[in-house]
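Note that chain A is present in both complexes that follow, paired respectively with chain B and with chain C.
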Partner chain A sequence: MNTPSIKPVFIAFVTNDDTRNIVAAICEDNPQATVEEFPAMVKIESPGRLIVKRQSVSDLMGRDWDLQEIHLNLISLSGSINETEDEFELYWGKAA
Partner chain B sequence: MSAVPKNTGNKKLGLKEKYGMMTRGLGWDTTYQAMDDVFPYDQFEGIKIHDWDKWEDPFRLTMDAYWKFQGEKEKKLYAIIDAFAQNNGQFNVTDARYINTLKLFLTGISPLEYAAHRGYAHLGRSFRGASARIATQMQAIDELRHAQTQVHTISHYNKFFNGLHDFRHMHDRVWYLSVPKSYFEDAQSAGPFEFITAISFSFEYVLTNLLFMPFMSGAAYNGDMATVTFGFSAQSDESRHMTLGLEVVKFMLEQDPGNKEIVQKWIDKWFWRGYRLLALVAMMMDYMLPKRVMSWQEAWETYFEKNGGALFEDLSRYGIRMPKYHEVASKEKNRLSHEVWATFYNYSHAAAFHTWVPEESELKWLSEKYPDTFDKHYRPRFEHWDALQKEGKRWSNPGLPMLCQLCQVPTIFTEPDDPTTTCLRETTYHGMKYHFCSDGCKDIFENEPEKYVQSWLPVHQIFQGNCGGEGLDNVMKYYNIVPGQDNGEYMGSQDQMNWEQWTGRNHKDAPAT
Partner chain C sequence: MQVDIKTSNIKQLRNTFSHVARRLGADKPASRYQEATLDMQSDTNFHYRPIWDPQYDLYDTARTAIKMVDWYSFKDPRQYYYGVYTMNRAKQQDAAEKQFEFAEKRGVFFNLSEKEKEHLIFAVLPLRHYEWGANMNNCFCTSFGYGAAITQATMYNTMDRLGLAQYVSRLGLLLDGNTGDSLEVGKQHWMHTPEWQELRRSMENLFVTKDWFEVFLAQNLVMDGLVYPMFYKHLETRLNPMAGQTFSMCTNFMQEWFTETQRWVDSTIKTAVDETPENKEILSRWFDIWMVETTRALQPLMTALFAEEAASTFTQIKEELLVRAKKIGLRTPGAPA
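Up next is the complex of A and B:
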């Protein structure tokens, strides 16, 4: 195949001090992503694919950040998921 | 069956290996009893599974990590609930009209969380794949936590506002609460694969964003720190539930080509069931939040048409199409909330919360958000009711409405292509006539009439004398609702007068946006 899908995936977090760094890291690693702020909630949308990197978040937080800590502040998401220790990926289409 | 993952010899296991060891690695095939006897419920629906080991939770969450993160979530949540109570946070909400959303939530939604707990606990016993059992067990615990945290949070409001005193009793009796109750009981009385498709996929993946995201963001916008906290804490589990929903649908589709037709039928059914349930949410968003985040129409366009559209495009490679009648839901998006709020305004004297005519600033917001429909069809009705109210003749409807046999909502909706004509459908089964609000509900009935002829329809039951006896007073006693105190018009209610006395603010101080 195949042309990768550009249909939007999204991820939404509670607005707080931890997610400020998570959102900043996502924006750095996904230049095509757009951020929308709601009361108490921040939503990031991206065409086809979005990636969260453990290292980028750890660098901004200044501590080791376990990727599964993402569960503490997650509100919602859309897309298929692939997760390893280092990366959390949202995508449409077949797994890479 | 259990393919135990190999330990690679590393000291620390990777996420994938750890997940394999802690799920499939803990399962075994029974020997002195047949697997079919131990797991008697996972085949009768016709879904064929050839290899349960292909089931994998994409988050790869294992029980040890689960308890750690859930414990942390609970600590955060209860710290805020305590702080909220200590600081009299209930007086920081925009306006006491807002509390009516909590009344509807506690009586309508929180009992569903408990029902979900029971449903997933059943699944945690029913599936023969160990990974599936573990994922559904975690969800069963999540749902119990949601019911508990909602009851704990809202119980604080019960000290100050009417109508929150007996939610569990009301859930089993009050007319409109049969809509959420029957929705969930329909799912619980189905087989395990239908249940998980109904709740995890159709409700949680496709529709739940419409409930929690605008409503919880709305709670934050309206100053309700306690509700936004339990809401988002619950929603953090919901992301995992949604993912499970998508995964289970893909799993069934990949396991056997014969599963597609069954799954599509469930998607069609449960999309429509869930959509009809969300009519209550549409009304909350457009009418019951004094400060509004987005309109129902905007939420529908974002979360269903755009995000749901992307999802179904992705599933099209399995031959799955958009749910049947999704286009009807889109045609209704600019009238749904108005039709529902008008119905509750009519029958407010028999509900467990207050209703009101929107303030001028709110009517203006509705006109702006619904330029094609609000001024033309709905504003004149509210102006008429407002005028009656000013003459001291607050309108209420003394009759009882006809209910849809399937969704149990009164047959108030309008024709998909004509918002001025009530949509009514009927069918005959074994010589009896049954009435419906829509083609979607009629189709579901006709597929399983034996199930839905048994529906406990509140209006029928009232007329048969099974709800406390004759007359509204007896029905209200049966509901444990005090007329005029727990329901009816908001203006002049005890809630309104208390609020103004305690805070020195009134509902006109709350801007619409």
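Up next is the complex of A and C:
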């Protein structure tokens, strides 16, 4: 059972100016992800794995973005979390 | 009685202004920066040409040799529009204020000998006038430049320069015990002391340079690229340790500002370089001209401030700038590999 799970992970944010950039960065870094818009919330779903990269978000925002700022706009998520200074990863099953 | 709370979802019909949507290719949510920048400058229905310069329109792309298909391709990587810009600078001002307060409380500069104070005043206070010159040059780019994408950012730069000059003045006030004498002495240095005259000459030559993009490159890339590392990075090591530390603390804003502004300057010039080979040629030529000119102008100051280390420090500063220029895509035969 070493094949990675493709059960969907998701992450949901409040919709605002900041998260527009976060969502755009996530879509760039996770081509398999799908975005669903709700009133005042945006939910991104991805099979098995989803990654948020600090650098991609910083580039889109035009300023240094601290990965911990993600919690300011975070509503909910599912999956195991693997977190470093530069990346925030959601996945199912064993960490890579 | 029973109350049902119903939610209803109201979907907005349009996500942004039509002129912004046309640029984005679809009606999708635009950032504040995009909405406050794209196509902000008017470009049609001007009835009269300016009587003081009738061969040009009020806003005219022909005022520079640089050609662009779209003048809005100059994006500010910092995404500064008025709101973000002012909030950022206000935060930085708070931090700088604290540093000056601390320096004052500790009275570090009061303990310097008269000679050391005089030296610092000679070395730094004339930079107030350098910043004022840079303010003029960026004003020039703002008034004759084309497209809000670039003129908005050069306008913010002019305000930065006034702030920078004020911090140099604050440093002077710390040195002269709040009398303001150092400011007058600094001006005399800028106007009359031989070591400063070449830099002043370059600055004044730039005042009468007609092509605004050349002014942009000469001031913001070349002059700043040599002056800032020289005064705000290397000078500290030439002062006595106590004064050096306080000096570097009080000029922390300058160092931060330079790092931040570089990103915008580099990306702006890179955009123009990448547009056409002709642009690249013209910009490289300007870079060469102003590099030679500014290097020459700074030489006497270099010698006065860095003595036996002048040559090696200057080489290092120049090489850093050449590496930057190479990254931007300018032709730089002298750049280290």
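Methods note: the second predicted complex is superposed on the first by the 95 of 96 C-alpha atoms of A that agree within 3 Å, B and C clash if a C-alpha of one lies under 4 Å from a C-alpha of the other, contacts with A are read in each partner's own complex, and residues count from 1 in each chain.
Here, a contact is a pair of C-beta atoms (placed from the backbone, for glycine too) under 8 Å apart; a residue touches a chain by one contact, two chains touch by 3 or more.
Only a predicted model underlies this, so the values are computations on that prediction, with no experimental measurement involved.
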Chain C versus chain B on the shared chain A, clash or fit after superposition: clash
Superposed model, chain A: greater residue contact from chain B or chain C: B
Which superposed partner A:I51 touches (first chain B, second chain C, both, neither): neither
Which superposed partner A:N82 touches (first chain B, second chain C, both, neither): first
Which of chain B and chain C A:P39 touches, first, second, both or neither: both
Partner chain in contact with A:G62 - chain B first, chain C second, else both or neither: second
Contacts of A:C27 with chain B and chain C, given as first, second, both or neither: neither
Chain C-contacting residues of chain A that also contact chain B: 39
In the complex with chain A, residue positions of chain C that touch it: 7, 9-10, 29, 31-33, 76-80
Partner chain A, residues of chain B touching it in the complex: 14-16, 58-61, 65, 69, 72-73, 76, 208-209, 212-213, 216-218, 220-221, 228, 232, 235-236, 238-240, 242-243, 246, 293, 306-307, 309-311, 313-314, 317
Interfacial residue positions of chain A with respect to chain C in the complex: 17, 20-21, 39, 59, 61-63
Chain B-facing residues of chain A, complex: 5, 7-10, 12, 14, 38-41, 68-69, 71-85, 92-94
